[in-house]
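Sending over a structure as structure tokens; questions will come in a sec.
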């Protein structure tokens, strides 16, 4: 009688097929992390040989000769990213508010779609756009044009995260502000923004981490420069641009060294921003979950 | 309870009144500011497009649109401008990138979502995501220094093996090639494809999954018959997003593709792509119509990636409708 | 009560409608004796989209009294409550007809700013919803500050203390006013929300099942508080807890619905009478627990 009731095993064939799927997935997972390991390995080994703290504060020298640092590039990156932030944060937040808080109908949808599609424009094309719009108009390359190009890279990221954040403001907080007769701008400024502040910061930090590493949009906008140039209306270097110039000339050992040093600096900065952004993102979901 | 009467709160008046004090000018001010900035963003995009298109249209004084798009020769010194080698190179490198990235991304996504314990899964997902953070100039440099020498060995081995008889795997092998660019691109798009595929897979309703398991399906069968069919649309959207990234990637490709404006059947031969030629020639474009032709290549690139993005949006929308509003972004 | 408005006008409430009243349109109405109607609802019907949710509801909420609205879920209690301070129009598809007057003033009249209505008619929600990023102090002080009710630190301090005292929360939080509102217990959070509503200086307080997320002890505290507050405010409370209505209200409105009929008023009367001697069979069945 017990023969009629038994646990039916999956069978060798099914079992093997299951194992095969798992095996393929494991291989894929391992291969997928291999490049990260390889890139980081080279960066650390080669970068450590080339990098010194002095690299960060030394002005640039001739391309083919040893020595020379990235002080001008770091200054340029700071200035251009800073200006790009000043443009993209207000505009990105405005787009998000326009779409979420002031549901302004069709027009808001058009703006949102345009900003969304902006995210899909290759960054080199953004560089070309700004070249046609600003560089040709002004008659020369400038850090300003570079900053505008970077702001267009950052804008969709900031607009999108802000939009998601304003959307998750809990309904009951919205109702509380209305029941207290708060004007909407007050509700936005003193309730919604603080509630999702970590999320808004996430968008900004991730946008910076993206913009800091961009080379293509700067090629025909800020162009690059071989001196410390604080004037943003003049051609200006940036860390990725500086690295690009040196990396194109790896025939010269000095340029190769500087490329590694710049690569290490750049990746540390970008990863730092990225990790902070992600950490903020995990925090961002907390107030929403709590309420 | 003691109730203190102060000047602040007046107790209920015998009869209330609807106070008509308004929120002041703050609301209209913010609303208009927000609208203005939004429209400015829209206006800027339109302005840029129009301005760039007008500039590129100068090329039409030199040659017809068709001769530009279908031309196979790119010789600025002879004022010959044909875009086909770059369109071809962009297509070949992007497809190569997909061939490698998609299986890896799907396998990694399944491993993370379906098999690994939460902790390890999180770290693996994080590591793959970090690939997206590394700047493309770093990938390019690493590509030249480390990846290309390694790939050269593989390319030579394949070209000399029997499959080398096939035109697409034929020698001679120089090192920089469509193939090398495709591999770099596959690394760069791996995170986006993985992330979108994971989102789509995790949107599988638990009930469906449990139903399959309760019927005695193994985990692999549940994946094949429930998870993958459900996530199909999302996975496809992820692939298209990856494709659009691959099409537009500039700097990393420039380092490893060899920069030859030619059309060659073998993926082991050097070539050029739309974005990389614009990046490397634009600054030194001094021949007649050279810079106009490069801007026109930029427009071709824009149209191409715009089309792909639009396609991705449509797919996502269709998928969202089918999934009953499940968010698969 | 003056100015009876007998015409039934149709008001389409749409989301985001924030029309403002011109300053000259403020209407002040002379007071009435204790126990007069603070709010009057006449022939109120409400729809969500095409679906009728409440049909032809008429009642009064008296000053310095607690009016409870009871009934099974789906009978439209919360809908009626939200119509009283124009919070219903926050729901995208909601639409009402009928009259809602506040001391004789039509709160849906053209040109009346919904914000001004909500300043006079405060609301406490089902789930305690303090602003999580604000301190206890700021939760109470935020709305009066921008509404221009108080200026200056000292006056604000006093207002906050008074509101918290009235909400019976002062003694528990006076030493931790800087802490986040989210750090309090559920019952304390709900009393904080009551204090926050009081600080705007309303005349009527609407409570939408304020105890449904609270434990029995916190529930009793809120009921006791409502009783104290009713000495100076008109309170309308929605509850599906019969004991609560019996314990804590002066007047009860019993609403119900069935397949043929959207939410309607079955019976209205003094609470003591309704619970001891219901006139309607349905009321009797409900309060004795035979349905609902």
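Before moving on, here are some points about what is shown:
The letters A, B and C name the chains in turn, as written, and every chain counts its residues from 1.
Throughout what follows, a residue touches a chain if its C-beta (ideal position, glycine included) is under 8 Å from a C-beta of that chain, and two chains touch if they have at least 3 such contacts.
No experiment lies behind these values; they were computed from the predicted model shown.
Among the chains, the centre nearest to the mean of all shown protein C-alpha atoms is found for A. Chain centre most remote from that of chain C: B (centre = mean of CA atoms). Work out the mean CA point of chain B and of chain C, and you get 52 Å between them.
Mean C-alpha position of chain A lies 47 Å from that of chain C.
Put simply, the C-alpha centre of chain A and that of chain B have 14 angstrom between them. Each of residues 22-23, 27 in chain B touches at least two other chains.
Residue positions of chain C touching 2 or more other chains, listed in rising order: 18, 115-117, 119, 146-147. For chain A, residues touching at least two other chains, in rising order: 182-184, 186. Chain contact summary for the complex, chain A toward chain B: residues 8, 10, 14-15, 17-18, 20-22, 24-29, 31-33, 35-36, 38-39, 42-43, 46, 90-91, 94-95, 97-98, 101-102, 104, 107-108, 110-111, 114-118, 120-125, 128-133, 136, 152, 155, 182-186, 188, 209, 212-216, 219-220, 223, 240, 243-244, 247, 250, 259, 263, 266-267, 270-271, 274, 278. By the touch rule above, chain A contacts chain C in their complex via residues 103, 170, 172-176, 178-184, 186, 190-191, 194-195, 197, 287, 290-291. Listed in rising order, the residues of chain C touching chain A in the complex are 15-16, 18, 85, 87, 90, 114-119, 122-123, 125, 127, 129-134, 142-143, 146-147, 182, 193, 196-197, 200.
Across the complex, chain A is touched by residues 22-24, 26-27, 29-31, 33-42, 44-45, 47-49, 51-52, 55, 103-108, 110-112, 114-116, 124, 126-131, 133-142, 144-147, 187, 190, 194, 216, 218-221, 223-224, 244, 247-251, 255, 275, 278-279, 282-283, 295, 298, 301-302, 305-306, 308-310, 313 of chain B.
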